[in-house]
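Got some structures for you, see below.
You will see chain A twice below: alongside chain B first, and alongside chain C after that.
Now for the complex of A and B:
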């Protein structure tokens, strides 16, 4: 299992490095059109062929991977921070605060995630600049994805609230947010980290779902979601297998996250 | 009885707040006040004024929501702006389609997940376990929309796409649960005494795991309903998933509010139903 985990880490590192250095190895910019060669098959010049607008697919995959791999952790960070604010503090304070925060969490959890995401995304303007569309998509993922983590963090903070060292801290005169910052938060760190890592693959998949439904990152910027939209015009798997590269990459990356997380769970 | 009343009261509160929240979000969305109908030159000034007044009433969120609640209690759920049809009629037409799709998906997904988990755990071979986990992990990594597209392309039934979304989540939970149960001391003793694997499964493992699995049943309904949106939208199935998609794109406030409330009620009922069933089973065991 250790080897599987190491392979997963290696794959993630390679994909991250490859996408971060997109400017170095991409043969063209993600928006550059080769008008004389639309929908071309893989060649020496275009390793994965070109799309229907004549853009180099390999370059778009590299840049798209960079966007998805950078923005999903950013959204995960935002959702974990929100979960800490709602769940962590509510669990620490207890009583009315905890009940109200958990009622709000239940409200969020009672609405199917994709349903909620889709509705809120569609309420915002669809015709925005590509950069804004990235911000809107991943901001929404971060803002709406906190509920499950908040519940876990609330339980963790509640456990810490009644622990001996917190009681001792209270007895020695520590109060309120100082006690929270010195004794509770540092002990919640493992739970926070776990929730952060769990959120990343969830957000990558959610962005892909939104992208395929036309509510994700706008053209010409690529992301895994917008790259997968090409599957809509698919006619045959056998003859155009190279079009499945973004899907294969997404599955490999998300699977790597799952492997790392499952091994972590076993060790925990 | 008191617990049931408490749960119903909590459910009503969550539904009311959820509906108000979605109404607020839609109202605040840019372009909400724009209505192409008002630009129609064939309409008289009185008709345009009536449309404008209807819009003004809807733009005041609390007023709109109270008005909506009053009508909903009388069974009138309003009219869809994008489809120009009563919402109640739309829901009555489309809910059975989604219920069949989600129901079949859940059934197949659960069957595959439980059978594979039981097989992988009973085989007691790391290779079998790894293979089953890899298969589940693969489907866990594929977005529901991609599965829907692949099923459209393969001309396969759409409920299988929902089944494949539900399957990995139920499988991983069931597998972990069974593995934990099989490792418990009384089962190790039973094995040592020569009790058959099937007897152990039926008499010792499944009854214990059953109550815990019920908790996932409610959550799997929510997962399947979420997956119904891309599956119905991309496979062209006229269910509430597709309706939600159309309502969201058209910013159809009455339809969206009703759908939000409906989906929330279904999810909460499923969650609390499975929770009650679990408590009932536990009480009977005790």
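Now for the complex of A and C:
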């Protein structure tokens, strides 16, 4: 298991390194259209061929990976913070606070998030740069994706609230947020980390879903979602293995996050 | 003896082939949604229109190849001098599929129901040239005169859309005059059409048409599955293919892929010119400038759009009418040439200037706008991305925004909260009258600036005048001259920046005989009466 975990870390590190250094390795800009060579097969100039507009697929995969790998953790951080605020504090305070927060969480969980995302996105201003569109997409994911984590954190905080050491802390005169900061939050840290870690692949896949629908990151910026759109017509025609690279990368990265997390949990 | 044996064999073969067409031959293809109705007068969706085409008997049929009106249930017709009346002489001894006879009374009942203002039937819109009541006069069982309250230009061809419904049959939807009738329908699964035993048309050899015994229309929204099943031999044709599928199919099985040349549909970009739209005033000023629109038009590489996005299966558009519309296309018009330098020159005349890589207007605003298009339409998304790069070369920043269709339509038609849009026009009717709701400044579909109380520009007023003039004239030459001028004004003023005319691409299995795809809808089965399926056993392409 240790080797599997090490391999997962190594893969994530390689993918992160490769994508963060995209500017160094990418043979072309992700937006440059080689209009004389659209849909070309892999060659020396274009290692993974070109897409339907003649853009170098290898460069787009590198840049797209960077976007997904940078923005998904940011969205996960935001959603975990929100989940901590709603779930953690509600669990710690208990009573009416907890019931209200959990009712709100249930309501949020029952919403069809995809349609909610579409509706919110449709209301946004149109004149935003592609960079802003990425930020907005992942910000929305972060703002809408806290509910599941909030339930877990609420349960964790509730357990801590009734624990002996918190009781002792109270007996020692600690109150309110001081007690929360000294005794509750440090003990919630493993749960917080796990929720953060779980959320990253969730947001990667969520962005990919939006991207496949054409509603993710704006052109010409690539993301895994927009790269996966190429596979829409894959089933009916010949096997073009190089087009599967973004999919393979997505599966490997998401799996790596899960492997690392599951091993962490086992150790915990 | 040997000669006799050969003759016998030949006779046997001929007899078998003649019999085969009417002995279980079934054509199979997909509808992309369930038909909303089987009532031919209520048709408003593609699937129902397919059913109507295959089952409905019409007085006049527009030949999809020649684009001319041809006699169908009417043997001849005469349009009155004032253009308000049309008199049809009908075929005799024609029977509906349920055996009830066809007479002028059926035509009268159909027209009266069609034009009933309370029903708001979409098919009737083309006939509504003025307010008032439509009168029908049955001169005899085989002669009828229909009088409209105002002249209807190009009236005869409009009857191509009007399937004559039986006035006497108990089950009106089952009683048809077309080649097939609806035998079975399983929602979400299929519509089965069977051969109309009373169909009146015969081939040159005197054999009753259609050759096919049945048409099975599966319901399948997924184009990918449609293509997969076509390649497996599970369906016999695909009426409309996108260029990607076409190219791949043509590469593997060239005999199956058909490119009939530029179709009637066009793709275009336009800018929001609505006076009270929630966009900055300086941007509205750009969008209302003919020079600005002209410069944007010149800076777009249409040839690349056709070559890259449509893989060569689209032609740069010259104007609002495709060359596929043989009569109404203004042959003097040519697609603008790609000229970014000329575009910059034009912009400089209008006070714009390049500062570094950014174009700025005379007040110093960076020229930047968004183009919305519908998410999921890959061709439009790609075109928008290519336009983004083309305009980037003259310092214009374009933001491509894909929206779900409902949001897009809401912005274009209700809130006017958008700057530029890229969409297409699906033209099914050849006659310019069908485009009145697009060109009249008061029309709802006058998309760059709809519902104007009075025309806001002189050229829009001129288009209004010309469109009304052509609609009220009965002289074809005069109508053509008016509509030619409309096309010229549109090309001069560029309210729509026409990009490409897509080719009509389709796929037909090799075992379908007499298939001859054309550019007009329905491209592959327009001659359904004479189509035949030679081999019924499915084989993989």
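To be clear about the criterion, the second predicted complex is superposed on the first by the 244 of 268 C-alpha atoms of A that agree within 3 Å, B and C clash if a C-alpha of one lies under 4 Å from a C-alpha of the other, contacts with A are read in each partner's own complex, and residues count from 1 in each chain.
To be clear about the criterion, a residue touches a chain if its C-beta (ideal position, glycine included) is under 8 Å from a C-beta of that chain, and two chains touch if they have at least 3 such contacts.
Quick caveat: nothing in here was measured; it's all calculated off a predicted structure.
Engineer: With the two structures laid over each other on chain A, which partner does A:53 touch: chain B (first), chain C (second), both, or neither?
Structural biologist: After superposition on chain A, A:53 lies in contact with chain C alone.
Engineer: Which partner chains sit in contact with A:129 here, chain B, chain C, both or neither? Use first/second/both/neither.
Structural biologist: In the superposed model, A:129 contacts chain C only, not chain B.
Engineer: Name the contact category of A:106: first (chain B only), second (chain C only), both, or neither.
Structural biologist: Once the two structures are laid over each other on A, A:106 reaches chain B alone.
Engineer: Looking at A:213 after the superposition, I want to know if it touches chain B, chain C, both of them or none. Which is it: first, second, both, neither?
Structural biologist: Once the two structures are laid over each other on A, A:213 reaches both partners.
Engineer: In this superposition, which partner touches a larger number of chain A residues, chain B or chain C?
Structural biologist: With both complexes superposed on chain A, more residues of chain A are touched by B.
Engineer: By the touch definition at the top of the document, which applies to A:41: first (chain B), second (chain C), both, or neither?
Structural biologist: neither
Engineer: Is A:31 touching anything from chain B or chain C once the two structures are fitted on A? First, second, both or neither.
Structural biologist: The answer is second: A:31 touches chain C but not chain B.
Engineer: Touching chain B and also chain C: which chain A residues?
Structural biologist: 118, 122, 213, 232, 237
Engineer: Please name which positions on chain C make contact with chain A in the complex.
Structural biologist: Counting only chain C, the residues touching chain A are 224-225, 227-228, 231, 244-245, 248, 252, 304, 307-309, 311, 368-370, 372, 375-378, 381-382, 384-386, 388-389, 399-404, 407, 417-419.
Engineer: Which residues, counting only chain A, touch chain C once they are in their complex?
Structural biologist: So the residues of chain A touching chain C come out as 31, 33, 35, 38, 52-54, 118, 122, 126-130, 213-215, 218-220, 229, 232-233, 235-238.
Engineer: Within the complex, which stretch of chain B touches chain A?
Structural biologist: Answer in residue numbers: 10, 13-14, 17-18, 21-22, 25-26, 28-31, 133, 137-138, 140-146, 149-150, 153, 222-223, 225-227, 229-230, 233-234, 244-245, 248-249, 251, 256, 260, 263-264, 267-268, 271.
Engineer: Report the residues of chain A in contact with chain B in the complex, numbered from low to high.
Structural biologist: Those in contact with chain B are residues 103, 106-107, 110-115, 118-125, 201, 205, 208-209, 212-213, 228, 231-232, 234, 237, 247, 250-252, 254-255, 258-259, 262.
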